[in-house]
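What follows is a single structure, and I will ask about it in a moment.
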């Protein structure tokens, strides 16, 4: 009983630190969006020049959405994970490493989306999200192993569902990376579809979680 | 009873993440303010050169104030919103997207306020705030629908008042955008006036909230 | 009794938002410190070239210390301030505006400390800290007026002490600004001395606060 | 009894402020990683040009890991430190100063790792981590002196273990700095090894801490 608040506090600081990292990444993305060249603005008008940079806005908006979805999933994981240890801090740190890198592939895909280097740019972009999916998988597996870091027995049906959606995600991100060899636009469409998939929670899991909370 | 702390915790992390985003946006605005050209400083003196950049300081100060008012209103909303679900996280994420973009239209209006492109610059600036007003409207409507995410029955008079002020805001932001066709300065004056309007809370609502708190 | 946690929560979010702003300002200061020119490094060696930028490091370290002292004083104020209202949020927002601007005068004084524009640069730097001192004064006076926002009766001796130190600070910051006309280095020395003064708490106030806590 | 929550609150805000600083530093590191030169990309391909910047990625990843390990150790310290005073805030502020500077030596070592200036670059990089180790030592010694800031009697075995690992760290960081005279790569290897050492907690200390928590 005396240990409970101690443990709670530890997870809270991990979440606060992670929230900080997610919030900063999401906010700094806009700083890759630069003002158009003043001479071109004078010649063609501001709105026309801004409109030319649509690939940059697209890459910015997509990455914002991707990082938001990562945050929502991190948030979901930590409603289940309640205990903390040193390995969790390192694996969570690895995931945050993956998150902080996102602005770099974003600026690559923004710069080379309509360029002959499109395929390489999409490879780096989707390849990085595949690596982030692996980092999520590692964090989840470590925490879920024998319910190691769950505060109370979680309904095994929830664990199964989350594990399955993470496995599906991993396979489809890999597919997105491979499909880039044939068609970069299709590859991008798959990874955006995957973000939508992870943005919407499984209805069954949500019901199970609510039930398990009430009976806890 | 067992569910209450669970729910409370979820809203808290949304607020913490949002606070982070607001704090970073507000702080990064200053990084659009650059040092004057060293050669011009040598020729004309530092103070004279700094004074020439007054449009940049004005745009910086206005955007700081706008984002601060957004934060205050976000804060007010989340004293009423106490429950959380996946849609709230997505709608709140959409609002945060609107907030993180602010430095970009700010740098546009700072660069083109005294330029022939003034009208286009003010259109983008006020147009963006109109979009943010829509995002606030969506968040509010979702949370307020049948008191969906309120922890206890909120006095319907409060809901009516907030809804009315959000509707007024939306119409006047649209007016500001349209008036830019006739006069960009008047358009800017309206949007600054609107920020002042949302900075000062409705006295009646405040009294109602205090009463509803005490009787809760 | 039902209102207490409500109020507590509101101050907490103001503090969280403020902590975010202080933390970001303090961290972004280093980004005004640029790498030396590669050609000069090849000619003179890395260490020699880095050593030439000592005014930049000095300005960076001084501003870090100044913002840290502002944070410590903000922290101290909010151990006394426990209730919140809309005006407090606006006055706190004004203070945060003052804090977010700091990197700009810092980069000015870093660039012009050894330049003929030294006097103007120190005027802007110390002048800004004088304005921040006024913002602290406004926040304090508003909260302290009739113990408006204190959760319980604070020993009037504490209020008197804090008010006196804030008044002394205001006068001495003004003195620092004026002395810049005669000697910029002396002006800088005064403002650094003032930061040291505000870094060390009044022993008498600390004792009073401890006593008032224990008897609360 | 009345004092306990007061004190708890103070440490919490120090931790929140520190978390903010760590989170921002860790996130901003990526902004030293720039896009390759467009002309070179057109000539050699995107992937080939990106691969050339491996020293930058290495420096980025190493510094991310170093700051993460600092955060984990800060976190560990503040599970023991529970009371706060003005000196703690200043010493913690000094440590945060050390943390915020990290992106600067990181960009130095990234730029000059394969350059004749390698030795000077590694000297600055490892030299800075040696200074940060001193700052940790100061914070720890101040808090640990007569258990000054511990909420309850901590098992002296824990104190001894932490003190010993901090002393070992200090000596080995100094060794890394000195070995740079003979071999910069070996010097870097030692400091990476030290980060791994501080990433993994002492098993004995962990057991003692768990025991002391349970019996508290």
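Things worth noting here:
Here the chain labels run A, B, C and D in written order, and each chain numbers its own residues starting at 1.
Here is the rule we use: a residue touches a chain if its C-beta (ideal position, glycine included) is under 8 Å from a C-beta of that chain, and two chains touch if they have at least 3 such contacts.
Everything numeric here is computed off the predicted structure, so don't read it as measured data.
A centroid comparison over C-alpha atoms places C as the chain most distant from chain A.
Where the sister copies chain A and chain B meet, the same residue numbers recur on both sides for under half of the interface positions. Chain A and chain C have CA centres that are 36 Å apart. Inter-chain centre distance (chain C to chain D, centres taken as mean C-alpha positions): 26 Å. Residue positions of chain C touching 2 or more other chains: 16, 20, 24, 28. Residue ranges on chain B touching chain C, taken from their complex, read 15-16, 19-20, 22-24, 26-31, 33, 35, 38, 41-42, 45-47, 50, 61, 64-65, 68, 71-72, 75, 79, 199-201, 206, 213-214, 216. Contact residues of chain B toward chain A in the complex are 2-3, 6, 9-10, 13, 16-18, 20-21, 24-25, 28, 31, 86, 89-90, 93, 96-97, 100-101, 103-104, 107-108, 111-112, 116-117, 120-121, 123-124.
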